[in-house]
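Both of the next two complexes hold chain A, though its partner changes from chain B to chain C.
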Partner chain A sequence: MKEVVEKMNNSEDILTIPLQLGDNYAFVLYLKTVVDGLKLQNIIIKPFFELKSTEFFSSYIQSLPDIAKMKTGDELLIQLTKGHVLIAIQEQFFLVDIKMITASTPQPALMEPTIYGPQLALSEAIETNLNMIRHRYLEPSLTIETVQLKDKSHQSIALIYDKKIVKQSVLDKIQKKIKEMNNPLIESSGDLQLFLNSTKFSLFPVLLLTERPDRITYNLANGKVVILMDGSPQAIVAPVVFYDFMVSMEDNYHSFWISIFTLILRYVGILTCILLPAMYVAVTSYTPDIFRVELALSVAGSRLGVPYPSFIEVLFMLLFMEFLIEASIRLPKAISATATTVGGLILGTAATEAALTSNIMIIIVSAVAITSFVIPISEMSFAIRICRYVLLAFTTLFGTVGLMLGFLGIIMFLTNKESFGEPFLKINWKSTKREKEV
Partner chain B sequence: MYYLIFVTMVANIIATVPRILVIESKNGVIFSMIAALFVGVIFTYFVILFFNKFSGLSFPEILKKHTSKWFYIPVIVYFGISWFLAGTITLITYVFLFTTFVSLETPLITTTLAFVIIVSFGMLMKSESVLFTLETVFVLLLPILIFLFVKIITDSNLEWNFVQVAMMNINITPSYRSFSAASYIFIGVVNIVIFNSFFKEKLKFGFKQISIISTVGAVVLFITYFIPIGFNGFEQIEHMNFPWVSTSDSVRMKYGVIERLVFIFIIIFLGISFLSLLVHWHVSLKLFESIFHFNKLKWKNKNLTSYFFVVLFGAVSIYLVTKIDEFELFKYSSYFYNIFPLFYFILFLSLFVAKRRAKI
Partner chain C sequence: MYLLDRRKVVFLYVIVIQCIVLLAGCGFKDIDNRLFIIGIGVDPSEKEEGHYKVTLKLSIPVASIKQEKKPSYQYLVHEGENIEEAVRILETHTDKTLEFGHTKIIMVNEALLENNIKDVMDYFVRRGDMQLIAWVGVAKESAEEVLRAEPKAEEAVSTSITRFFDNTGTESPYIVSAFMFEFRRNTRSLGIDPVLPIVETNDDGSQLIVNKSLIVQEGRVPFELSSRLTREYNTLANDLGGYSYKIEFEGNNIVVNIGKTKVKYKIITENKKPTAINMKIEMTGEIIESDKDLSLNNLEKYNKLAEDEVKKHVLEFLTTVQKENLDPIGFGLKYRTMHINNKDTMKKWNEAYPELPIDLKVDVNLKSTGTIE
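On to the complex of A and B.
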């Protein structure tokens, strides 16, 4: 026991409590900061004084539901830092899990809110999350594997899948990836997702992060693997296809036509978001004759007095919009309202009056800004936002051909991607609800 | 599978095929079109039949397994070159067309370069991804394509009298040139030489499939030939360089944001010809890769053979775009179509030899 204390560098929160009642004595060693003091008092210290002998006490300890396997060496230390208590009764040693769990209450869904459906998202404690998932998915074939990361955080992660329907090749790939991983510090599932991603420079996410338990069970039922990490309120879903990013859980709670309508709305949104800025450049600078005369004239008319080529105008406005978005994410809630108001005013009226941009450009920028939030999963909307600039550059260089070809290029890029061996974008004819399934 | 065939069929509408057909319009085009339809379907049927015997194997793999070296190398090189040229013809035709109708000021090289950059990326993809791309883009474009054709056919300027005049020439014996051009639209099936390795199960090719392909082929041929005549008249049509685009230019959409149909037409066909180019060059690249492998071309443990071919393809096509004018393009592509029956012959010959050797 002394050894352990020394190895812990005599940290101040490490406590060794001797328990003694007559001839019976025991030692309890734990880290005060991570152990639930009340629970410790109730289930370990009290019974010690109530039970007659150390034999009784040791058999009592062994029958505790929270008893953990005895570990040695460094693993023991890790367990201690995770909230286990080491109990020494004469020559016997036991490990009991009396973790103090903070932040175990599920929080309301922030990133993927819906009108109907469950309102609570995952919590930050893995036990609560597993509990939530088990409660929602009552198949006995649901399997949970716990793995410990090898980095400095030593967080435990859980692989969850339905053994009956999961694709074995995908599961093997994920398990291998996790085993091979050796990064110094992984802080959250967002981090973990990046390391599971196979390519170094990736734009589109090939794993889906979600905070909604209903999305998790929905994906489990479709044979996917869900990865949970302790301390982060997001779960990773793998493998995913492009369509998964376009589905909101709300779609399952509405009637058929409504969900079809919203789905179409989202695809139109994504197209608008990618194409519109580049289209503006193509139409104003390269081929104004595509549109009917009235429209072409009104576009050209509103650009009167703008002193630079259209692509600079588009780039300028888009960048300002990105600044605005970025600022309102980072700022505290109280201030961000001010930022958006001021920014909106500047972008809206003043820029046009100063003849820095055309009126139509303002409309386009706001349309693009709104449509980029239509995508339910925010990572995808970030990727799409970047795609927009690629397309803009291509259009600026090559004109209308560049616009079309660039768009086809993005489609090609997506089809060429794969998520754990599953093609990322492909049309799946066999299922009627093709957007919703794997 | 269908996509491969259909994309090639539709892509040829903008290519030189309609022009050849129109020029030959007094030399028994209709008869040769009918003949080409039959020959094309039978040809498709046999190609699929052959490749079904070797399901899961691509053409170079089959040849390497069952024939000797002096035989398969020239055959594959010939195929690769033909495929490259087929793609290049589509590319150059489209680039000319785009420059003529949409942006006169853009230099030819810029447009070509835009194509080459994107297609180069596409060529280097996995064959599987090429198929997925083909499928996705084609499905996206199909509704607009159908709308386009319906719009053109229902237009009030279409004079069916001219079509009837053209129909009157049915009893003239066909010319070889129109026959080979018309049968060229069925060439899409040959792309199976590479993509066969992804068709693990045997392709069904029964009566249903035959009827689908022949119906679509007939419709495409009909549209290709008669619609421009209906718009432009039987006598005048010979003087047009791009009969189809001029045709679509004569249709207006009264309430559309884009008033002239020709722009939609050109944008849609940009997609289609891009797909056709992608598939042709990809197949060509795979064919070349299967026989040439430069061990010396290495950089950071990556073999650069395929990159070499991609750069070569791009360079050659850019060179050709700057050198050729429209008249020469027409001349060369009709030569190209004329030698195509030879291509069928060689394909069948090599498949036959392989089949004999494999004793299936």
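On to the complex of A and C.
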């Protein structure tokens, strides 16, 4: 036991408590900061003084529901840091899990809110999350595998899947990836997702992060693998196709035509978001004959006095919009209102009145800003936001042809992509739900 | 070694991108550096025989459409040996690029239609940007004058002259419209003669009037169709309704308004020779004016009267053009499409056409005697 204490560098919060009652004695060793003191008192210390002999006590300990497998060496130390208690009764050693769980209450869904459907998202504690998922998915074939990460955080992650319908090849790939992973520090599931992704310079996400338990069960029911990480309120879903990012859970709670309408709305939104800025440059600077003559003249009129070419105008306005979005995400809620107001003034009439941009540009920038939020999963929305700069560059250089080729290029890039062996742009026409049997 | 290679690759990329940036410069021209030409007029030159006078109508963009009451135009006029030369010279009369992508109207002087159609059209057809969007109109006196007309009802940033021809504005059976490509196609194909609208202005240029048309044939003076004949032409060629006939009977007048028309015709052949044109017209409409009370029970009678009236008018049109040996409807084209083509097909048709009997059947179906009971 001394050895253990030494190995822990005599940290202040490591406690060794001797328990003695007559001839019976035992030692309890634990880290005070991670162990639930009250629970320790109730299930270990109190019974020691109530039971007659150490034999009784040791058999009592062995029958505790929280008893863990005895570990040795470094693994033991990791278990201790996780909130296990080492009990020594004469020559016997036991490890009992008396973890103090903080942040175990489910949070309201912030990233993917819906009008109908469950309003609570995952919590930051893996136990609570597993509990939530088990509660929602009552299939005996649901399998949970717990793996310990090898990095400094030593977080436990859980692989969850429905054994009956999961695609074995995908599961094997994920298990292999997790086994091979050797990164110094993984802090959240967002991190983990990047390392699972394996390409260094990636733009489009090939794993889906979600905080909604109903999305998790929906995906489980469709044979996907869900990865949970302790301390992180987001679950990773794999493999995913592009269409998964466009589905909001709300679609399942509405009637057919309403969900079709919202789905179409989203696709129109995504196209507008990607194409509109580039299209403005293409049409105003290369082929103004695409407009109706009235529109062409009024665009020309509103550009009167704008000193820079159209692509600089677009870039200027888009960058301002990005600053505004970035600022309102990062700022505390109390201040972010100010940021949007000030930004709104710049993006609004002031920029046109100073003849820095045309009126039409303001409309385009606002349309682009709104449509980029239509995509339900924010990672995809970020990726799309970057894509439009690529298109803008192509269009500035090569005009309308550049716009078309650039867009084609993006589609080709997506087609070439895969998520754990599944093609990224896969469409399952035959099944009623797009995500079925992926 | 590896590092060196990578540097080389990066260097190559930089060079390539720089080249691309420099190369792209020529196509890029902002919309405010272009001047939109909305109409081109071609007149014969006043100074030199065989030369052309080209008028360009430029629409000047305005900063705020709401505040602007009148449209502002600029006119560029130059005479040159050919149209291309004149346009090139006119490019030097302005500080911005001339943009032909919105040229929706080409006005041609009537005097040029007799011998110079191919010459004039060639320039416009060879330019890809206006071939599919431009309408062709004929000016009786001067194309320049027609282009210079600025109707009172015209609002800023719009061109009223093109609204005559597309269906966004006025729709009338008196207005014939012909796209550039249509005009060229009909000029060159055998068995059909193109019809062009005549655009006129009133004296002070505050009004545009389009209700007559011209049948054009290479090498002869164009044949003018009066307003009434233009209407008959539109009925037969484009199934257009929306006009009325006045019928006199038993001492009173009724006016019949035709709503829908449907025209079918067949060319009857015997012994491999065209022998007759079989035409059937179905019309629906209503009685819109009358100086006497009418009964719904007599609709059959009014139908009959209207049929006779329509027949009279249509036959008048058909015989007129037949006599002139012109074929604006395209009977000859229809004949060609229905027969195996050999070197005699057109010859036979041309021989037979001026004398070809027309078997006309009109079926008028009046729906009501108006809403007054």
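Points to keep in mind about this one:
FYI, the second predicted complex is superposed on the first by the 430 of 438 C-alpha atoms of A that agree within 3 Å, B and C clash if a C-alpha of one lies under 4 Å from a C-alpha of the other, contacts with A are read in each partner's own complex, and residues count from 1 in each chain.
Going forward, a contact is a pair of C-beta atoms (placed from the backbone, for glycine too) under 8 Å apart; a residue touches a chain by one contact, two chains touch by 3 or more.
All values reported here derive from a predicted model rather than from experimental measurement.
Looking at the shared chain after the overlay, A:298 reaches chain C, while chain B stays out of its contact range.
Touch criterion met: A:309 reaches chain C, while chain B stays clear of it.
Applying the stated contact rule after C-alpha superposition, one finds that A:404 touches chain B and leaves chain C untouched.
Of the two partner chains placed by superposition, only chain B is touched by A:416; chain C is not. In the superposition on chain A, contact of A:285 is made with chain C only, not with chain B. When the shared chain is aligned, chain B comes close enough to touch A:425, but chain C does not. Touch criterion not met for A:33: it reaches neither chain B nor chain C. Shared-chain residue A:394: touches chain B; no touch with chain C. In the superposition on chain A, chain A positions 286-287, 293, 397-399 are in contact with chain B in one complex as well as with chain C in the other.
Within the complex, the chain B residues that touch chain A are 98, 102-103, 106, 110-111, 113-115, 117-118, 121-122, 125-126, 128-129, 132-133, 135-137, 139, 256-260, 263, 267, 270-271, 274.
Across the complex, chain A meets chain C through its residues 283-289, 293-294, 296-306, 309-310, 396-399.
Per the touch definition, chain C reaches chain A in the complex via residues 20-21, 24, 27-32, 34, 36, 38, 59, 61-65, 99, 101-102, 104, 129, 133, 157-159. Interface of chain A with chain B (complex): residues 286-287, 290-293, 295, 394, 397-402, 404-406, 408-409, 411-413, 415-416, 423, 425-427.
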